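What follows is a short report on a single structure.
Think of it as A, B and C in the order they're written, each chain with its own count starting at 1.
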Amino acid sequence: MTTTQTGPLDPSTSTSGTPLLSVQDLTVEFSTAAGVARALDGVSFEVSAGETLAILGESGCGKSTTAQAIMALLPKPAGAITSGKILYGGRDLAAEPVSKVREVCGTEIAMIFQDPLSSLNPVFRVGAQVAEPFRRRRGMGRRDAWARALDLLKRVGIPDAETRINDYPHQFSGGQRQRIMIAMALALDPKLLIADEPTTALDVTVQKQVMNLLADLQAETGMAMVLISHDLGVVAEVAKRAAIMYAGRIVETGPIRDMYDHPAHPYTSGLLESIPSQSSVGGRLKPIVGSPPNLLDLPSGCAFNPRCPFATDRCRDLAPTLRTPEGWSEGHQAACHLSEEMLAHV
Amino acid sequence: MTAAAPVLAVNATMRRARRARRGVKIRIIGPLVVIGLIIVGAIAIPIAYDFDPMHADLLARLTPPGSVMSDGSTALLGTDQIGSNLFAQIMAGARVSLLVGVATLAISGLVGVALGLLAGHFGGWIDATLMRIADIQLAFPSILLAILIASVLGQGVGNIIIVLSISNWVVFARVARSQVLSLKNREYVEAARTLGAGNWHLMIRTLLPGCMAPVIVVATTQFAQVILTEASLSFLGVGVPLGTPSLGSTIFNGTQYLSTAWWISTFPGVVLVILMLAFGILGDALRDKFDPTLRSA
Amino acid sequence: MSSAGTTPLLRVKHLKVAYPVRSSLLQRKIGENVAVDDVTFDIHPGETVGLVGESGSGKSTVARAVIGLVKSDSGEIEFEGKDITRFSPRQLKPVRREMQMVFQDPYASLNPRLTVRDLIAEAWRVHSDVVPRDRWTAEVKELMARVGLNPDYSDRYPHQFSGGQRQRIGIARALALRPKLIICDEPVSALDVSVQAQVLNLLDDLQDDLGLAYLFISHDLSVVEHLCDRVLVLHHGVVAEEGSAREVFDHPRDDYTRALLAAVPVARPWMKSSS
């Protein structure tokens, strides 16, 4: 697992076995008028330097909450981390005050969001916004910072960057705005980039361009990436490993090819089967019955059991923990009592 | 739940969130209770004391609060310069204030919301004309406008209501219009249009319900304004006619006795402040309560 | 299932919709922004025609022009042989009985202050000769059952339902007037993946049961491929390609169509045979 160390630690030199970011048993709760909602329940995962992890799931599963918890962006006072650790560079970010966490975020851990229109400040020029991290965190002068900003804009593929650096966000297209956000995120050479649904609001052709850009930048800088998405296909080419979340828990995780080819959890296989594809043309689709659960009123036992075609009494009594089912490769885990019986593959 | 059901550790932040929610409830119930008490008092007290604004009992004039009267009763708040019981007079004045407030809000609210709906829904020259009229009217200080109209129409409770309604419809029109503008391109309005709904149906059944929340909030804050304006007008002598008690006129009557019989001006002033505070806090709390719904609607 | 020999239900001919660009001070028209240019297609009874494109392609504008929410600049729209292009809202009212719409956003397309019953019955309030008032509650419950909702919930408000359920309410509302054509404007784009399939199956079943025709607007090519008989690909307001679904998806002729198909994310790209 991770080694706890005092003093500054350079995570980029971690050799195999020491992950860059290690989330252990993280639990986040929200206080609402109707009660306490557990948005994350014992979530654990690791990201090593240079690798890409995809966190997948539908609305309400907790994937965005995970990113918010890491970056100390949980809405206050309603949301709070109630237990667990977020280990980065030898520090537990969950235990530190927000001000300390904010030092790490923006420098070593960067984040890009879903809707670039609302994430960019509409009244400041694009150049000023990309130059801001250099001025605030590195103390650079205006000229130097803008020069670096120009370099970044060129790197992310904004055409005519010399003239466009003076434009305002609304003068760019959606795809270009997302590239600007990526430029801002990369300004201080982060070791880890968290991308929360970066392509959801974009057209399909632009989606592909942005994902390719992220893959290229990762190859160039060697940074790690966490890609959060509800679209299983969009991350398939860029991510090596994935974790699928449901009702605040990770229900399956492992190498992405393994997971899609041989899913070990009924939710994953249900999702894969419900997507329209070549084979379903003209016939009926195979949906998952029911809808994602209400976090205030979770079913007993396994949270997926009301929608699961294989559910037994054991599933209703006892919530399964992540384990590697027999017959699946190591590193591929699922939280299901019945993986071997129902989803075994040849 | 997980196998070992953990004890939910309630965080300090959770407690703060709960307290914030409870705060809104108190700010709604509290003022409502106070206003309710004043309404009950305004109706009951003058009757209990057999209050007659014209009756002068000069032997009992200017007695301080708490003094015992000739017939053995206690004047809780003292008596004024013609010997009337101040408590009863204040409550009778509150009656007028509340009546004027409710009537003004009803009239200006109906007219204002109707005009705002029309302006917002139809746009074009209807909108431009109505809004220019509103702008012109807002440019006049409301007290001056009220004095002007009052001096033309003369004194009388009915006239005051007319005067204040004319000053106040603009606020309602603006709120309704801006709400309509923000709602009219929502998909559910398009959906109603797709069904074939005509203008009447769209305005009354689709857009109006969406306007009610901000209109109610504005109505409570406007109530405080109306009461204050009525009191100011009465204080200046262009409000209620002689003989009708009003918080404003009672305050005015007591200005000459401020050093000797301070209670005549002070107590009506206190009641006026309480009424305004109550409506103001209520309006704020209602806005806070409706805000989340407004955002999602 | 297109019935090629019968008269088309809907004919759109050379439709053009442009938004004027006005000078800021005097509001004089100094140019125009063409959203839809020379779009032509037919829909036969019982057929599903798909309009595919990215943002700015004009597909939503075509839908809104057909249903009368947006005025067209030139071209013709014929429904059941009648030219409805220049109809006033009053003349359009009877046509609305035959042509309805399902909207994209399940959260914004339902009036949050009306109960499900009122939402669905609103159609009969506007068209008073379709269902007598004393039958409203019963008919609402029947419609709810048909779209897969629990009829006991007819007195609940939209915010008490999930996204997929709200979309079903929207479909029930569109069915209330027993239309022949339903325009579906991105009906599943805002829904979770596991719920999309449910709603698509529902639309499929309704078409089989009621003989509905659909104009299906979407940016999601896999959904369109699954559901549609004929497909039009729109690019910057112009029809880039048109044909049966099989023709367009298997043998695209236009470069834009090819680029679009290549960009569609596939769950298991390593399984794709070389395209």
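We take it that contacts are C-beta pairs under 8 Å (C-beta built on N, C-alpha and C of every residue); 3 or more make two chains touch, one makes a residue touch a chain.
Every value quoted in this text rests on a predicted model; they were computed, and no experiment measured them.
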Chain contact topology (line, ring, star, complete or other): complete
Chain pair with the greatest number of C-beta contact pairs: A-C
Separation of mean Cα positions, subunit C and subunit B [Å, integer]: 48
Rounded Å distance between subunit A and subunit B, as computed from the means of their C-alpha atoms: 51
Whole-Å gap separating subunit A and subunit C, where each centre is the average of the chain's CA atoms: 33
Two or more partner chains touched - positions in subunit C: none
Subunit A-facing residues of subunit C, complex: 54-55, 162-165, 192-198, 200-201, 204, 219, 221-223, 225-227, 245, 259-260, 262-270
Sites on subunit C touched by subunit B in the complex: 67-69, 89-90, 92-93, 96-97, 100-101, 103-105, 107-114, 122-123, 125-127, 159, 170, 173, 177
Partner subunit B, residues of subunit A touching it in the complex: 29, 31, 33, 36, 41-42, 76-80, 82-83, 298, 300, 318-319, 321
In the complex, subunit A residues that touch subunit C: 58-59, 174, 203-208, 230-234, 236-237, 257, 260-261, 270-272, 274-278, 280-282, 284-289, 291-292, 307
Subunit B residues within the subunit C interface of the complex: 186-188, 190-198, 201, 205-206, 209-210, 293, 296-297
